[in-house]
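Heads up, the next two complexes both have chain A, just with different partners, chain B and then chain C.
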Partner chain A sequence: MKAEIKSTKKIIRFMINDQAVEAEEGWTVLETARQYGIHIPTLCYHEAVTPSGACRLCVVEVFEGNWSRVVISCMYPVREGINVLTDSERVKNVRRWILEMLLAECPASEEIRRLAAEYGVTSTRFEIKNPEEQCMLCGLCVRVCKEVVGVSAITTVGRGVHKFIGTPFGKPSEVCVACGSCVTVCPTGAMQARLDRVRGPVTGPR
Partner chain B sequence: MAQTNKSKQEVWPTESLFMSPEMLKAYREHLLAEKDPNRPWIIVCHGTGCMANGSVEVAAALRASIKEAGRNISVIPDIKTTGCHGFCSRGPLVILQPSGIFYQRVQPGDCKEIVQTTLIENKPVERLLYKDPKTDEPIIHHEDIPFYKNQLRVVMHNIGKIDPTDIRDTIMAGGYEALAKALYQMKPREVVEWVLKSGLRGRGGAGFPTGQKWLSAIQAVERKGGPVYIVANGDEGDPGAFMDRTLMEGDPHAVLEGLIIGAYAIGAHQGYIYVREEYPLARKHLSIAMEQARKHGLLGTNILGSGFDFDIQIVRGAGAFVCGEETALIHSIEGKAGEATPKYVFPAESGLWEKPTIINNIETFCNIPLIINKGPEWYAGLGVPNSTGTKVFSLVGKVNNIGLVEIPMGMPLGDLVENIGGGVPGRKRFKAVQTGGPSGGCLPYELRDTPVDFDSLSKAGSMMGSGGMIVMDEGDCVVDVARYFISFLMDESCGKCLPCRLGLKSMYQILDRFSRGEGSVSDIDDLYSLAKAVQDGSLCALGGTAPNPILTTLKHFRSEYEAHILDKKCPAGVCKALITYWIDQEACTGCGLCARNCPQNCISGERKKAHQINEALCIRCGMCLDSCNFAAVKVV
Partner chain C sequence: MSKAYQIGVFLCQCDGRIESKTDLPLLERLVREDPDVAHVETLPFSCTTPGLARIKERMREKGLNRIVVAGCEARILLSKIEKEMMKEGFLEGQVDMVNLRDHVASVHNLSPEETAGKGNKLIRAAVAGLAALVPTPQERVSFHGPVMILGGGIATYAAAQELLRREIDCIIAVQTDEYEDEIRMLHEHYPGERHYYDRLRKIMEEVSESPYVRRITVGELTSMTGRTGQYTVTFSDPEQSGPPRTYEVGAIIACLDGQMLNQGSNFGHDGKNVICHTETEEMIWVHGVPSGKIVFWINDYEAGTPEFAYLSARCAWSMARYMAEKRKDVEITILYNQQMAVPLSADERRIGRQLKIRWIAYDGALRPTVQAGYVTYCDPKDHLEYELPWDKLILSPKRSLGVEATRVARILGLEIEEGKFLEVKQEKVRPDQIGREPLYLAGSARYPCDLHEALRQGRRAALQVAEIVEKDKRGELYAPRMVCTVDQSRCIGCGLCKEICHCGGITPVEGLGGGIPRTVDPMVCTGGGTCAAACPYHALTLQNNSTEQREARVAALAKLLADDEVMGFGCNWGGLAAADNAGVKGLKYDHRFYLLRVGCIGQLDPSVMARAFLEGANGLLLIGCPPEACHHSFGLDHTWSRVVMLKKLLHFSGLDRRRIALAHADLNHPEEYIAAVESFVRQINEMGPIEKNESNREKLAGIYATVNNARVRWVVGATLRRPWEETYPGDQRNALAFDKDFLGILKEEFTKSRITNLLKSQPRYFELKEMAELLKIDRETLGFSLQEMVKEGMISRVHRDGVAQYIMRS
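Entry: the complex of A and B
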């Protein structure tokens, strides 16, 4: 594995779950973990776009000296000498609560239910507003539209608990090319139902 | 008098450009010499609080009364409108100088009497004097009032003395002296060294050492090149906090001076002051100050003839609380939505347009001129080791003296509430003090000896925050308090990361159930565990600190949570679902006042006979309790 890193970049040595690992300077903990086949769950992460750190499922606990803190592995840059625990109690506590809250937020998502069950979460104690909801606002669709397609047809609208994915002024977007990239990257399938609202009614060849 | 003023102004036009520190000094000396030493002046507070209470009308009435009195007054006093004096609960405030006679809650109708009794007959107007709530004794002079006497006003030394819209007042008070000293006698690195040595820590919340922050920006520029930006964060959004507002409104030139010195230290040529939308007066005063400073060559190109260029732009916030967070603020200035990004790379390295950016709080910048003027050793001597200097707090809630206070770091919490705040009304002891704004923790009376400094407060589970301080007494329910702050933060969360957006909503749901007496003891443990998850998992400091009110109240007041769930009772008598109002049949005189005030019309009874409340219709608004003059309305 080590021989594969052929680069002039500095090599960073650290530990994941007490296993010695090596990474190039500038890599994130998640990238390194995936290189070594160590599983860290993610929802809002995709190789094609810059990470945003929204879903927080990829949290890990980083130990450095005599203190530790919980960080997100998708953005935390590797550092010499740290020890990363991908499944510590603190980490599991964060993931379990997020998943239980997601069961109430987007109960219709198969993916969320599967992931929650992995962590032993099968029901939620929180109020379910919309049983049909699948979107958890991870923002992957927005990022792919901006960074890969390059049109920014969709965006998050509003703030906090009122936030949703939409188009400017709530009208079908004029810049949407109906490429479907947003549907492809969506981890829960929520974008499928929204696509028609984004691109507008199909009126035949223009 | 007016004649001489005019002729002198021709020698020193108000817009004269200072091309050297000597010119600034000469102008100051000229202004001081021009000032009539025998002319008294009357200070009328024009802070936002006093203005809301009619201080503009008071100033006008004073002018009119003085004019009317005419020749009966030997020397016509100057009326000076200043920034906030801090004693907002007593506004509008009027102080006569040089005597220092302090009048509170002055109304336009009182002005004639002030002129007659004080200006002509030289006696104080008894009824307008401040009375000590502990002794009931009237206090004549401003400096003898415990609220002021026990403070140490360093950062706010000019506020309430100068007219913030007139740069001449600032210059007479020694403004921009520190800038001249920094530009002409110090190298940029020396300025940073001094700030480091002073031990100044950021006043915005996290308490990061300011000098170290500046140093990392300088190193980032050396590594990857400039430009570097400097930003003053005036997006003060905590409910009930107004430290930065007072500084911007009352001494805008101190903000500018600190910002310019900071820019010189790190080599910035463009700066921003981010002011929240809700502070129109602060923006106005800052704009006036910037215009005046530019005209005098204190801002813009070739500052004080030193060859250093720096200019400032004011950026208006759009009403989002989260934009006080550094990364969200950066996005907001860039014109993007105010959402936070993880800070694994600090803004000092990659901030505005991915360039090194220094963001400091308004109060932090106001400390800089003091450090340059008086030296880092002097500054480090204030406060306690590791938390040097003073801190401005807005003391609100159940205290006698509500207002803005500045104290040396390390003062015990109880002293602040008792000596400066004048204690809790009704001579009760306080139940808890919440420090650090909505996401601060509640410290109980038992922790009253906690020194108010960065490290002691965080050790106690709270934080310094930007300086909000809310005092609570037995009439405040901790479940309700936690519920209120969580609901505030839930509304203000940017919604980007799940632990904050969903966690706050879920914690609110649990607290709301508690306030209705629903839930079980295991729910308390769940709330604790969820709060920990939100603390660990959130992206920025808003979510990371949001569980503090819950975690600290659970630690210190767990029994009150249990009372709600197990006994279905709210010990403080606040949570509506758990309380009942009833009328003490012995004490009720049958005056009928409560019945007339009741919006539900559910209080009945014959005249001059004891009344009753129909519990089925009662909405527990508390109007009857507030209106009863005989303490006959009770709540359980």
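Entry: the complex of A and C
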């Protein structure tokens, strides 16, 4: 469905998959694609929070003249004259790599397994460190707690391969309001298992 | 014919997640049929930048002032959409969301047409709720007067320092003018802090020299009334001879210090050689540091307060260090229970070694015994019992709130529990809420702490106050919108609301006989709403989220439900969250349940529950938080009382009591929610729908009138707790006795309501015989009620041909 825009903002005209599209200045390629019903898979993107570009699954190939670049569409601002390909070979290749790595990262996640199967990825050549792991460190829980709820009860702890999601000192958070927003936005259901560590016991002291 | 509201409905395709399961064009057509809808449109997304731009465009074009977004979770996305719309002049409460995706599309195995049908009903309910919304104007909260720091605690200076550095005017209410005196007496509340005195002096100097700080010397605090931004505080005259002193202030910081008492004689305390920390300090002030063997026994474990051992140990260390630095001929030992971790940093340990201060651990299983000149203890390492010689034995103090702090806290309206301190862990509801604490508290009366911590609390309290004062200076301080207000023309000052309110937002107004709880401080109110649902005189309204809106929603939905469909309310933290998560996980369940969103089920006035049945609902399920976990403290329990009342009234009407029910769901266990819903739907379907005949309609109208009756609401108000709870003092000595009385009262009022409804509907004379047949009430009950109503002047009675006839009083 086309979006006819009548506003005072600058209109940017470009192409997605050789289809002419219009966007306002400041929109991202992903937002524009979604406005036109063009599907780009995402995992760490959620409309309620600012995008972070953690999962790289939303990659697209941006052609400008003869040159092309593979960029993430969730943060790439629209530009006049580009042609964005959402399903080119390069893009599909990148997605398959990412999904294969994700299968190794969190093998226990049904959602990732289903998504990978959609792109033909059913096994992984990478080492599986923890077969029970469900968290893909997308950071949605952290962002929703900070931006939507406003308390920042959880955060990413550590760096690199030792990174995980947790609360200060590993103790149940004092500022958590037990709203469950983190559980609702978690794409893999990993937060469900962790929630009691964050909010403390349900029947806590008043 | 212009209405106050122009409602726009936006349906989301949501990247196919809704679109693939729902016949959106059909849904659009169905929604458009609602005369209250000014505009309906399908968008790819409502929540992205392009989507919001589109909504804003439409809003401007069509003059929309309320919108419903039929998309996904309100808990996650509503605030983003609201914030965007507020840029266009919307206010909080004018946007509603229906979770078309995770309450309908993802969770049922319905055809796209059926999904559209269910979506339409939920959207109609949301539209009806918005149509009934009466948005209140944005209320600015402003500060009339400086910040007052009272209570006399030492944290006063830290708080004042923080405020003066931000150029905020404050008044500090102290009982002496000389700050050296305060330092001299500091050890009564904070012993062992000599190393801090110089820093404290600097703070006090800065405070006394600042033009932003006004120092007043007053007697005791006698009263405090008002709300955030405008308080009136009264003190007695310091010489007890003059008139009381009154001040108009904007904010209050209460710095209260707890009391330090001496241990009892069971530990050998004699005030001379076996002393506590405070006495030690006093001794040092008067006689200087003693010589000889000084033993500090950290006996908090044995005194029953292990949580303060750390504090006592730090205090002992401070004093020990001071003593050892002043005299070379002291031998200091600190005897501590092995369960306690020695609270020293590495550097302090080094200093301790230099000063030859020994730390000796004892086995906590064997309580040390005090004898003349010796303390016997058991060494945890070799299990031998040793004797520790002492010239002076110094015990830990007993910490309590203290008489003065208790008195002041009561005047400030704080709840005090026997044996506890003032710190209260408030339920966290809205993190963005400013003015979160009813009062800013600092000092060891809040919770026993050392001087550093007390000053830190004072600074922190001042920072929080400064934040709002500065916001007010910028003209940006607005009261939250979904808070309660009191219609003072209806309020009689009974205080029920204050008793059941959990957030302390209901504040007194000066009146005859003292403070009458008649206003709400919007900065403190958490919007729980149980007060409004309980008020016998309907004097309280939860603004922008009112009972009228909820009644409109249930009425609209109930009219549309099929005979096998059931509705319910889910609270933001329990039922609704669990339902959302069930959808996110893609779990499937019975589609015959329609969930309405509410902040806390405690907000549900019994009239909302009665209205649902009156308009045709066959079953009503209320799903709240797990027991003891209600985010508004007692909303869940209050709902129980109201549900029980409805059950009794349904029973009187010959209808099945099980048609209304209360359930619990933990947001992290959506399967609990599903179990409750499916079980309830099954039960209601086994009962079959309520027969839609005049007799039932008349009875349900009677129920609706009864739950709005002041007397009934009064009696329910007295029971707003579970019968076995001891929290409120009450007259429930026998769990059953009250319930029987309550049944009697309900029956009476129910009968009276039905009579009133009948006589109002047909303005003519009725005989008892006829009424008994029409209402199917036995003559004795009916006769009794009619007699009562005549006596109370509600109806008139005449005698014709020897027969009594009744008519409504005009």
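We take it that the second predicted complex is superposed on the first by the 199 of 206 C-alpha atoms of A that agree within 3 Å, B and C clash if a C-alpha of one lies under 4 Å from a C-alpha of the other, contacts with A are read in each partner's own complex, and residues count from 1 in each chain.
Keep in mind that, in the parts below, a contact is a pair of C-beta atoms (placed from the backbone, for glycine too) under 8 Å apart; a residue touches a chain by one contact, two chains touch by 3 or more.
Treat the numbers as computed from the prediction; the structure is a model and nothing was measured.
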item	value
Chain B versus chain C as contact partner of A:A108, first or second or both or neither	neither
First, second, both or neither for A:V177, with chain B first and chain C second	second
Which of chain B and chain C A:H39 touches, first, second, both or neither	second
Which superposed partner A:L195 touches (first chain B, second chain C, both, neither)	second
Touched partner set for A:W97, first chain B, second chain C, both or neither	first
Touching partner for A:A48 - first (chain B), second (chain C), both, neither	second
Which of chain B and chain C A:T156 touches, first, second, both or neither	first
Partner chain A, residues of chain B touching it in the complex	320, 322, 337, 341-342, 344-345, 490-499, 501-506, 509, 526, 529-530, 532-534, 536-539
Touch list for chain C against partner chain A, complex	13, 15-16, 42, 44-45, 47-51, 53-54, 57, 73, 75-77, 79-80, 425, 427-429, 431-432, 572-573, 577, 580-581, 584-585, 626-629, 631, 633, 666-668
Complex contact set, residues of chain A against chain B	52-56, 59, 70-72, 75-77, 90, 93-94, 96-98, 101-102, 104-105, 125-127, 136-137, 139, 155-156, 158-163
In the complex with chain C, residue positions of chain A that touch it	1, 3, 5-7, 23-24, 26-28, 31-32, 34-37, 39, 46-48, 144, 148-151, 175-181, 183-185, 189, 192, 195-196, 202-206
